[in-house]
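Next come two complexes, and both contain chain A; in the first it sits with chain B, in the second with chain C.
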Partner chain A sequence: MGRAMLDATNTQKTLVTVRGLKMYFPIHSGFLRRHTGDVKAVDGVSFDIYEGETLGLVGESGCGKSTCGRALIRLYEVTDGVVTINGKEIAKANPQDLRAMRPTMQMVFQDPQASLNPRMTLASIIGEPLIEHTKMTKAERQARIYELMDAVGLNRSFVNRYPHEFSGGQRQRIGIARALALNPKFIVCDEPIAALDVSIQAQVVNLLEELQARLGLTYLFISHDLSMVRHIADRVAVMYLGKVVELGPRDAIFADPLHPYTEALLSAVPEPDPSLENTRERIILKGDVPSPANPPKGCNFCTRCPKVMEMCRSIEPTYREVQPGRFLACHLYDQNNTSAGSTSGIEASQKHVQQGELQ
Partner chain B sequence: MTDMAKPANTNRAIRPPRSQWWDVWDQFKTHKGAMFGAAVFVFIVLFVVIGPLIWQVSPTEMPQKALDLIRGKNLGPSWEHPLGTDQLARDVLARMMAGGKVSLAVGLVAMVISITLGTTVGVLAGYFRRLDGPLMRLTDLFLALPLLPLLLVMVMLFRDPLGRMLGIEVGTFLLIVTAIGITSWMQCARIVRGEVIALKEREFVLAARSIGTPPIRMVLRHILPNVMSPVMVAATLGIAGAIITESALSFLGLGFPPDFPTWGRLLADGADYLQDQPLRVIWPGIAISLTVLSVNYIGDGLRDALDPRIRGR
Partner chain C sequence: MPDGALPVLDVKGLKVVFKTRGGEVHAVNSVSFDLKPGELLGVVGESGSGKSVTMMSLIGLLPSPPADVREGQVLFDGQDLLTCTPDTLRSIRGARIGFIFQDPMTSLNPVFNVGFQIMEPLRKHMKLSKAKAADRAVELLELVGIPDARRRLDDYPHQFSGGMRQRVMIAIALACDPQVLIADEPTTALDVTIQAQILELVRDLRRKLGMAIVWITHDLGVIAGIADRVMVMYGGQVVEQSPVKDLFRNPQHPYTRALLKTVPGVLGERPEKLNVIEGQPPILMAAPSACAFRDRCAFAMPRCAKENPARVQVGAGHDVACFWDPATNGPRNA
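Here is the complex of A and B:
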């Protein structure tokens, strides 16, 4: 885990910079299909990803994780914001420039079945990026396809088969091989293990880690599986309703979550030790996630927050660095509010929080 | 389709290079109906192409003398005329062969026109959102037109000018296949549009976009191969439909000129003598039905064979 230690010093080169990324999906309604509102799937997200690290992006279903990952590599036309990858602006680049930048950023998709064209053989699936971006001869391409298949642990004799002939884990390996074909620097892993069996999940995650160590890849690892994020990520960003509420080094976040939502999220991770599991206190959030088309005034989390204050309902908290390397958007840690925040948030044990919620 | 045909196969050690089309053929062979249909279709094609070389009787020539004409007309089957003669003492077998050539050509060419047009409109409307509205309203417009009257008007207006320009046979042929083609693409366009809209949201299209595949190759490589099944069905039904529409036009006297045999014309001529000579209706009827049926079975088999998920079952 030398990478994690390197991260802590923050001396690495920034590979991906995201500033104020917004992805709104317009709502059209009425007879004339007028533009009546927006689903604010990603609403002003900012973070950096350092070269060679894995940033875990977690949050519950529908909070905008996947949309954020897709908007990042411009699979959607972003509404607003700046994204630079390897020093080049992506979010507003014209199609020609964008196409030239595609090889640096690739994506591994959630559903390996749906992300492979059922009518293409494995060779043509892995070979597609090579055809699009290189001028390899057929023989060179073939050699590269075999090389990639070896790298992800697929038998070379599978080259003429179709996606439906593979198991879920093998399909995900095909997806990874395709993403690796152009030697990318940055790979968005959009819940790459969510659709797989637990036994296969470990294989795929180990493969991803091995490839990262060997090829020096940078990952944005989107997942709702917190234990897996704890295993693979160097830093963790927590999203709620289109916004990053907390971002920090993995160990710090898991040991000492600052944002009430992160606390609640982490308290949901099951404990493998049964004796500890019995004493584990869960923070159960009440109510549902508000609609991203109509987010609440003030802090997005104010409708469900166990530590909600009056100002949370009217003033939106700013996203800022509260401790070195730890970013947070919560009024509990505002400058003028530090004492209140430290008693209820940092020093108070989970148990206190739980009681506080029940009362 | 073209992209699917060349999996990079310079594989020496593990598996011999093998074009995907061999897999398609292997699967096609296991479809009994398709093989039977293919056999029947080949037989019909041989009948209309090779047949006239063996049975060298003119399909249009009438006896010169009035007496021969009166004696030789409306005969039943005999060794001299295996399928009998028509009301002008012309040999029905020879006319069946000559008519089949025209009918098959009309069916195939009209189908190609209609499928090409329908698929193009469907893919453009489904893939490019901006074109969806205008193109689908155009499709609705064509669907709302009463087709037979439209065909009649087109034939009335353009048959003579085209005939003067290109010769009566080529002119009429072009006019009829165009007329049938541009009045039958709408179903195909609607089916394809629906499929394309569904496919566009699939993750493999998103994956191709993340690779940076430009729209043209996206359509050719990812969209078109996946809409092949409904297009194939529409195509086989289209051949059948075109042959039948041509028959209907000929039957109404607006297809090819009266002395020019097609299966539809033979049917129309024979209908007048249905009471005395029922066989004269039955022969072209059987020919049209067999062609349509065999083409449908071939299309069925092809659709299954082209789908790698069904292949090998």
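Here is the complex of A and C:
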């Protein structure tokens, strides 16, 4: 898959490019602790994030979405692959260069309780990146800290308080203020609302959207909450067992999911409306996600797929663009696939593929 | 669900207080509800709204101190569970009232195999022999959809996945054919596809076994798909109670209305901006003398700061604790 093809349909500027990202965690076992295998948490993932957009990354727990987000800004030493952020290669950069790149990319973590040092005051938490990466004087730093607190809606009088004095939603605001301190371009939000109550979730999501509009931020929004992703994301990538199985514009993904996994995932989300909920057709997947240490042969989803075919168990589907802007890894949409049963989805897909060829 | 049937569980004026170093926390304030045979009652609320504490105090699962059940009556089969002897309570808990907890990993004992844990209530409550209990355990595991049940009896909890562990928990809760099942956020720790499996299982079990269920959750989507009747809790009180369709079609309490608007769906129209309930949930350091929601309420009136609204009937099986009437956008005529 060439880069030219990926970019062909979009004129927006690409901020983050990921190609063939792999993150394996070694398994050591036996008396000599020999390297006996790998947990393939992220196994060959490619996508772009455009400047100013929010890419939602969804999937079930253990599918590798958080690992992907962390590997992307090199909180792990990646196994293989190329990641460029704002034109600079990061996956293999040396530590000095990497340090210089840190201010452009930041992260908001899932658990605001665990990601804030309980022995530091709010001022020292938000001010720490400023000390590390800038040459601001104490007064300038103080001014910047107040500015950030205003931006995320924290009262200035809280500046000398400790994290335990804040509620969950406020703590997440501190985490966001810290991430914003160095004027980043790109922020990885790793389940930023998962630990919060429903009524507080909306507050934080609105804050993230407002900051994006004001500061022109680019987000990778990692979440398992599909309804929130539908709200905040411009494009959505669906991960399953270390791979991106489908990626496309938000409305297209939610209205017309192509991959059987996306379809099942969407149908599993309970809808807060009893009349809709009782008439909906549900696809209930059988069984559990296989272990990423020992993924199945062929397509990773073949063990649970309701539309599985013979070839899925032996040949791995390639991830490619099936419609302008929509990427997919599924044999159902192979163009010369005639052996599959004739469901309407397949016929429709062949039409899509033909459209894709014309371009 | 037969109308007018005698409730299996009738809770009246329940009040629970926690004694802490900082003072008393009024976690549950005069909560009353009943549960009819075969009905599924959904209980919704944010963390700290008192939904779990209410249900745990019913069957004496709260450690005391710090918890103190101050007032109230819990009538189960003509007996008051709050005043009965510990022996009576023990014979009811786990046998006629089953419980499923949120996190299946911490509620299963890691050093016993699951067979032992399913057989324990069967041997204690039903006095079954080991062989009979094992047969019943296999039956139960098959009922909750665990394949290869006989062999899996010897497995330990860590050998099961999250969804399978929750199935084991359900099997334990169902072991003695309970009349009432209390499920405290049973799918919150699970992935959506696994949650869908468990919800389907519960629908199926209700058809087969017909027990009454109390389902605690903060997810309105889950409630919409599974409940017959819903009770909304806020600040340790029941603020609205209604049949499920009515609640979603015609919510009365400003909190319920706001909550329904903050939750986006995956179907239907996508709102440009999410509605927000400003402010924080209340800290319950004093017994309520006013409406607990008034600081966050868009329709608060002077009266709301002086009096705590009582629950008033607004429709068939629908009651609300609020002075404001959405139909007239003014004070409610009592």
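Definition applied: the second predicted complex is superposed on the first by the 330 of 359 C-alpha atoms of A that agree within 3 Å, B and C clash if a C-alpha of one lies under 4 Å from a C-alpha of the other, contacts with A are read in each partner's own complex, and residues count from 1 in each chain.
Please note the rule applied: a contact is a pair of C-beta atoms (placed from the backbone, for glycine too) under 8 Å apart; a residue touches a chain by one contact, two chains touch by 3 or more.
Bear in mind that the values here come from a model prediction, so they are computed numbers and not experimental data.
**Student:** Following the superposition defined at the top, how do chain B and chain C come out on chain A, clash or fit?
**Tutor:** Fit - chain B and chain C, as placed by superposing on chain A, sit side by side.
**Student:** After the superposition on A, what does A:E89 contact: first (chain B), second (chain C), both or neither?
**Tutor:** In the superposed model, A:E89 contacts neither chain B nor chain C.
**Student:** Output check: A:D256 vs chain B and chain C. Expected answer is one of first, second, both, neither. What do you get?
**Tutor:** Touch status of A:D256: no partner.
**Student:** Does chain B (first) or chain C (second) touch A:R178, or do both, or does neither?
**Tutor:** So A:R178 only meets chain B here.
**Student:** Just checking: does A:N117 make contact with chain B only, chain C only, both, or neither of them? Give me first, second, both or neither.
**Tutor:** first
**Student:** Tell me the contact category for A:E281 with respect to chain B and chain C: first, second, both or neither.
**Tutor:** Neither partner.
**Student:** For the superposed arrangement, tell me the lowest C-alpha distance between chain B and chain C in Å.
**Tutor:** Here the least C-alpha separation of chain B and chain C stands at 9 Å.
**Student:** In the complex, go through chain C and note every residue touching chain A.
**Tutor:** Residue positions touching the partner: 46-47, 161, 163-164, 191-197, 199-200, 218-225, 244-245, 248, 258-260, 262-268, 270-271, 273-278, 280-281.
**Student:** Would you pull the chain A residues touching chain C in the complex into a rising list?
**Tutor:** Result: residues 60-61, 167, 169, 197-203, 205-206, 209, 224, 226-228, 230-231, 251, 254, 264-278, 280, 282, 284-285, 288 of chain A touch chain C.
**Student:** Spell out the part of chain A that touches chain B in their complex, as residue ranges.
**Tutor:** 70, 73, 75, 98-99, 102-103, 105-107, 109-111, 114-121, 123-124, 127-129, 132-133, 138-139, 141-142, 145, 156-157, 159-160, 162, 164, 175, 178, 182
**Student:** Per the contact definition, I'd like the list of chain B residues that touch chain A in the complex.
**Tutor:** Residues of chain B touching chain A: 3-4, 7-11, 13-15, 18, 20, 202-204, 206-214, 217, 221-222, 225-226, 228, 307-309.
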